[in-house]
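Shown below is the structure under consideration.
Chain lettering (A, B, C, D and E) follows the sequence in which the chains are written, and residue indices restart at 1 in each chain.
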Amino acid sequence: MNRFGYRLSPSSQIDLDVSDNSLFRQILAGEPGISTCISCGSCVASCSAGVFDKISFRKALHLLEAGMDTEAVALLEGCMMCGKCTLVCPRGINTRHAIVLIKRKLNKG
Amino acid sequence: MSCITRCPRKNGPGLIIQALRNLSQELGYFIDSEKGRQQLVLNRALCGNILNYGYCVYPRTFHYSDHPENGPVGKLIEDNLEAVHKRVGSNLDGEGPGILRKIPQSDLDELKRIFDVTGATERMEKIETISKKRAKELGLSDEEYCRQIFTINSEEHYI
Amino acid sequence: MTDRVLIIGGGPAGLEAANQLNLLGYKPVIVEKDDTLGGHLAKWDRLFPEGESAETVLYKLIKPVEHTPVYLNTIVEQADKEGNHFRVKLSGGKEEIVSAILVCAGFSLFPAEKKEEYGYGIYNGVITSSDLEKWFKTGKGVNINNPSKVGFVHCVGSRDEKICNRQCSKVCCVTAVKQACEIKEKFPDSEVFCFYMDLRMFGRKYEDLYLKAQNKYRVRFIRGRVSEVSEDFTGKVVIKAEDTLSSKPLKVSLDLLVLMTGMISNSSIEELSGILSLNRAEDGFIEPADTITKMYDSGKEGIFLAGAVTGPKTIPETLSEARASALAIHNYLSNKAIQ
Amino acid sequence: MRERIVFAFDPFVIPFTLGMVFIILYLSVGGFKIIAKLSAEEKMKLLKHTFSFAIFKTLWDIIADCLLHIKIFKRNIRLGYMHASIAFGWFMLIFIGHIEVMLYTPQRMGVLYYPVFFRYFVMKTHETLRGDFFFFLMDLFLLIVLSGVGIAIYKRFRSAIVGMKRTTKLRTGDKIALYSLWLIFPLRLFAESFTAGISGGSFLTISINRVFNTFATNESLIQPVWWAYSLTLGAFLFALPFSRYMHIPTEIFLIWMRNSGIRATSSRDGYAESEIYSCSSCGICIDACPMAVKSENSKLTSVYYLRLMRRRLPESMNHADKCLMCGRCVEMCPVEIDSCKLKVLKREEEISEKRLRMAYLSEVHTNVNKSDVLYYAGCMTHLTPVIYNSLFKILQKSGILFSFMDKDGSICCGRPLMLSGDTYSAKELIEKNRQTIINSGAKTLLLSCPICYKVFKEEYDLPGIEVVHHTEYINRLLNEGKIALNKSGKSFVFHDPCDLGRGSGIFEQPREILMKAGELRFASEERGKSHCCGGSLGSLSLDKEERNGITKAALATLFENNPDELVTACPLCYKSFKNINGKPTADIAQIVAEQMV
Amino acid sequence: MIVEGKKKIWSEYQKDIPDDHYFYVRSCIRQNFFPASEKVFLDIVRDRLGLDFFETPHHTTCGGIAYHSDSIPQETLMTIVARQFALMTEAGYENYVCSCITSFGIYNEIINTWFHYPELEAKIRELLWEASKREFKIPKSVVHASDVIYKLRNKILENGKYRLVNKNTGEPLRVVEHIGCHYSKMFPSKGVGGAEYPYVLTGMAEAWGGTVIDYPERRHCCGFGFRQYLVQANRGYSLSNTHKKFESMAPFKPDMIITNCPGCPYFLDRWQYVIEELEGKTYGADSKGIPVFTYEEVAGLVLGYDPWDLGLQMHQTAVEPLLDKIGITYNKEDKYKI
């Protein structure tokens, strides 16, 4: 630590002019349904992994759209792909497809 | 307090936070959080200044070592405090009215009585006793404990 | 002698009531404080949910009552009950003897400059939904050239204790989504944001409009009330809000910010309610006798209510209330005739 | 019979010879490449298989599939005859050709082209019964092949006669190979007929010789006909690797490898490559695929996938993602290409980062109380509680103690994760479930979801524990008399869930149960050919409308003989049908629970 | 920017500021870091303008910082404030002026709380009597010292020697006005010009010839945050607030910053030094930092006081560039002569 004993703490504010949500746009191209998400949380409520781990597809979408890719993917890490979220989604979004696309895009670096 | 101007339901989020902090001190939960533990150094500094000098902030207790951001000018002011204050016309530790005057002991006693009567002293003692207990549990001397709570920031507050 | 009925307010409610009263054989008289009929509808471009043109709707309402006597730029100055008639003094020295009065004075749009933190009237990039509607209709009023980023702020002057209008104005969410689609239609490569607290798309086909805005036009809906608006060095409007769904504060600079101003009670209603001694709620809207079964009844004999004077309403609701009041007047006058 | 041409060579043989050399080289290089890509263990299997008695079964399979095409006969007799006649007929022509060379001109044994153009190089000296016999055979098989080619030509214009609604369009490579294939045998006929006067022939060639007597014996015409024959042969051989007919040689190679137990491990190389080249683009899988109910999706069926994979084009990913993994095309494919496995492998290659993802599993402690029967609902059954409630009623009635493994939230069985391509993380789930099951000390693992059943059966190593689906288990309870059903007047149709029927081979048990519960009616397509319900987790990218379309198509086949109630045995099928089916839909456990005595 | 829009809002927030007879209370922070400012204030109002500003030596801190750092409960704060009012009542004054914005916020908050909960006021009266045998009356009006200077801004201009104008280019200086959060954010009607566009400092700057910059983060907090600064571990948060403000005002290239709360100049000034040390980044036209002043210092400069009498040597960010811009004569040597 520097001689002052503290550092400039980074702002948690997202600047939409600068944030790069290219990953979100790629996923959107692959699964256009995610643009119709109304954040009702049914997916998170029915999530099998949600019982054990902090996993939230809804929040991941939001973080992705704000360009915070690493935090978004960290939320999807424990997904078991069981597909219950797709079954309960009132907007009929293929959430499982979106999660696969995210996992694939992420590994390509 | 910018939140008060903006709340469409006329609430005061800032005041609610303040009430919660007071509550956590009353019920003793403050000791379990990093920011809560800092209350000890705050009480000692602020209440110390008020009861001893009648000011919330007092130059003689505002050490450059604790406030390096005061910069070289701050260091210069601290090194020749009396001279600087005389130069700018303050009445440091002087009698009668004026800047940073010596507040008569009678007024300080009144403040002490106000502290006793309104529960401030009781609050300070509670913070002291609980903090001493925690310091002993952590096996730290009082000085080390204060140093720790004064400087350590786990920095997981902005995720 | 056929009964004459005074209709205060020449908006959609007044026009429809006049038409119905004509059909029922009465002689309605419309008093309108502005210089044109149609109220806010006349200043509107397209209506939700399917974008019908406001002009054609207005034409359909005005056409059947073109022969009805209308006093423009006139307000009611005094009205006293004489037996079962009313002697009504109108501004400009005119006078009418009528057997019933229908109050359909409508609503006023919330003056956006009262919401200081949104900078209406201070920053050029900030306009209201009615400004935008006027621009769509006439191209005049505000200048909008190819904005690349447009923001819509919901609940401006509604659901806000600070400006004493705690109620929801019902129509601005749908209007915002409609206008968002219209902006994307006109400027396809613009980015459109909607800042909302709750998206109240309550009616039929409104959800389809919302769905279209989401997947066809890719309007970005952010749940968070805009806290303040300012102007950056380049003249762009910078807004700050929190995306409460990812609990992250955010800021974005926009070329255009549209404030969805809500419906508040008509500015001239205070004086009118005094004249007719109607009882007003504390937010200024007139209280009907019974909000469920008797929306048309003002509680005073011979005086009836219709439309947004009793609270925010969509145009279909306003028209059906106008018809209900016309019928109520008919029942009132016909059984009065029996006595 | 003696040689007519001195050096037994004539320029017209060159195109054929070049073609033959080219195809032999191409095949050997391809074959070598495939074997090289196999793992050492797979190579051992190949060797072990070749030098064991099993090789005879492989030889029989090759004859049955590649020459006689028995599987296609089962599907459609005319289609079967067409394939068999050409394949077997051509094989016999080559085979007998070699015998003739061996008998009459043994010194020409090594010459590559000799057997093919035998009739040109020899002159008939005197009648021998043996000679006539061979000539007769050659003409007979030529006639058979010609009949096959006739049907093939006709089929190309009206494919319905062979029972195929849709087939694939021909690409340029296919066209060259096909048209040259069509020309080879008629030209051979003319060629052999023209020289029948010299080299002799049999009923076919001699009769044609006489018919065209005027110019048949004209010396100048013989050369061009043989040239044409050789050229078409050459053209066919050169075009072969770039056409669908490459499957002729590669299928033999494939059967040999498959029978020695080798399966695809990568999406493009090794065994997979031989599968891809064995696809004859026949298009049977287009009709088979439930997705093809929507015309755009028929472009995404397995045949097009294999084509794109063959040409290494990236668009194949869309096909791999959309596939329902229902296995119907694999079931119907005459060459038994496991395109589902290939597509899953393709998905696996997309998730390159193989690392631990389920860190939270270590902190999960599902305490399961000891009992013989352990019931695992799985994620889907949690969405359809009526199934496990009925099942519990049945178990209680038959006095069986059981414990509910994933009562408060299930750790997924791992199959959906594997289907999505992340087999590495799936192993973490499998390992966790495995420990829980083994620690519970159960003897039987009861499942109500076929998707879980298949993965528990294939991927889990559960020593001493019987994995059983609730249809099997209920049937056993009924047969042991633990429970009994009173027949209701209702008529049922049973929908075979893909993973239960095709996937795990359970067809009879559910039907036995339903026969005890009421009148069982047939669906137009059932058992191995049962239509996917549309809800399959196999597909990643199908959207809601497409799934509903598939469900409706499946319902059409199920309600062909309008039964009162549709019964299935999978929570996902149940949920997919329930929303759309007007008529009552139930899981088999429900029926049993309701009609239990 | 449509300036008339702002003027319309300013016209709605007319605050009545008494002309004379004030009971003056000092600010702890101002006395510590900008002592000269308080001296100049009294010098201007008493000597130059002859107004009656009474200061009793018995008044103490209002305890605001301790209250906002949650060190003392609300009753204690209220009793201390009650004692201050008692001193005023004993001195026979009715207009209360405080030099600190935090205090101004405290007084407004307490008076408003008592207004809504009279029983609390009664309880505090008892506690005060019990502790110090004093009686108090609620002041007729409570204003902040900057309101007074705002009211006298034109008088100061008349006696002024310099104006906030660039000497060589003749252009008005680009001034950033920063209003203390507790001035009008809690009670907009208590601030001149309301909470969104407070006019108290703008009025001064424009009266004395400068133009005010409206940058996006103009209403953002300077970062004091009480316990966010007093405890070293949290200072990172405090620093990031000021950093955000400077990043937002940088494109406008301001010449100076004028503030009315004592804490803000200390942080806006010192954090520039720390940002330069930590991030190596400086702001301002010639990137030698933006000098920060209290309104009294600016008033003093306009009136022609010697910069070193105004205590400008106690600033960390150099003020000389600005003095040269205005054309104020000063001699370098005795900047630090004590």
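Just so we're on the same page, a contact is a pair of C-beta atoms (placed from the backbone, for glycine too) under 8 Å apart; a residue touches a chain by one contact, two chains touch by 3 or more.
None of these values were measured; they are calculated from a predicted model.
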### Task
Please find the path from chain C to chain D through touching chains that uses the fewest steps, and give that number.
2
### Query
For chain D and chain E, what is the smallest step count along a path of chains that touch one another?
2
### Query
By number of C-beta pairs in contact, which chain pair leads?
B-E
### Message
Going by C-alpha centres, which chain would you call the most central?
### Response
A
### Greatest separation from chain B - chain, by CA centre
D
### Task
Averaging each chain's C-alpha atoms to get its centre, pick out the one most distant from chain A.
E
### Task
For chain B and chain E, let me know how many angstrom lie between their CA-based centres, rounded off.
21
### Query
How many Å are there between the centre of chain A and the centre of chain D, using C-alpha atoms for each centre?
39
## Note on the structure
Separation of the C-alpha centres, chain A versus chain B, in whole Å, is 42
### Task
Please work out the Cα centroid separation of chain B and chain D, and write it as a whole number of Å.
80
### Message
If a residue has to touch 2 or more other chains to count, which residues of chain C qualify?
### Response
117, 228, 251
#### Entry: Residues of chain E touching at least two other chains
195-196, 219, 232-237, 274
### Task
Please list all residues of chain A that touch 2 or more other chains.
4-6, 9-13, 33
### Message
I'd like to see which chains touch which, written out pair by pair.
### Response
A-B, A-C, A-D, A-E, B-C, B-E, C-E
#### Entry: Sites on chain A touched by chain D in the complex
30-31, 33, 46, 48-49, 51-53, 77-78, 80-84, 87-88, 92, 94, 96-97, 100, 103-104, 106-108
### Sites on chain C touched by chain E in the complex
113, 116-117, 119-124, 228, 230-233, 238, 251
#### Entry: chain C residues touching chain A - in the complex, by the definition given at the top
193, 199, 211, 214-215, 218, 220, 223, 240, 243, 245-246, 248-253
#### Entry: Contact footprint of chain A on chain E as seen in their complex
232-237, 239-240, 243-244, 274-275, 277-279
### Task
Please give the residue numbers of chain E that touch chain B in the complex, ascending.
26, 28-29, 31-32, 35-36, 38-39, 55-58, 60-61, 63-66, 68-76, 78-80, 83, 105, 127-128, 130-132, 181-182, 185-186, 188, 195-196, 219-221, 227, 230-237, 270-271, 273-274, 308-309, 311, 313-316, 336, 338
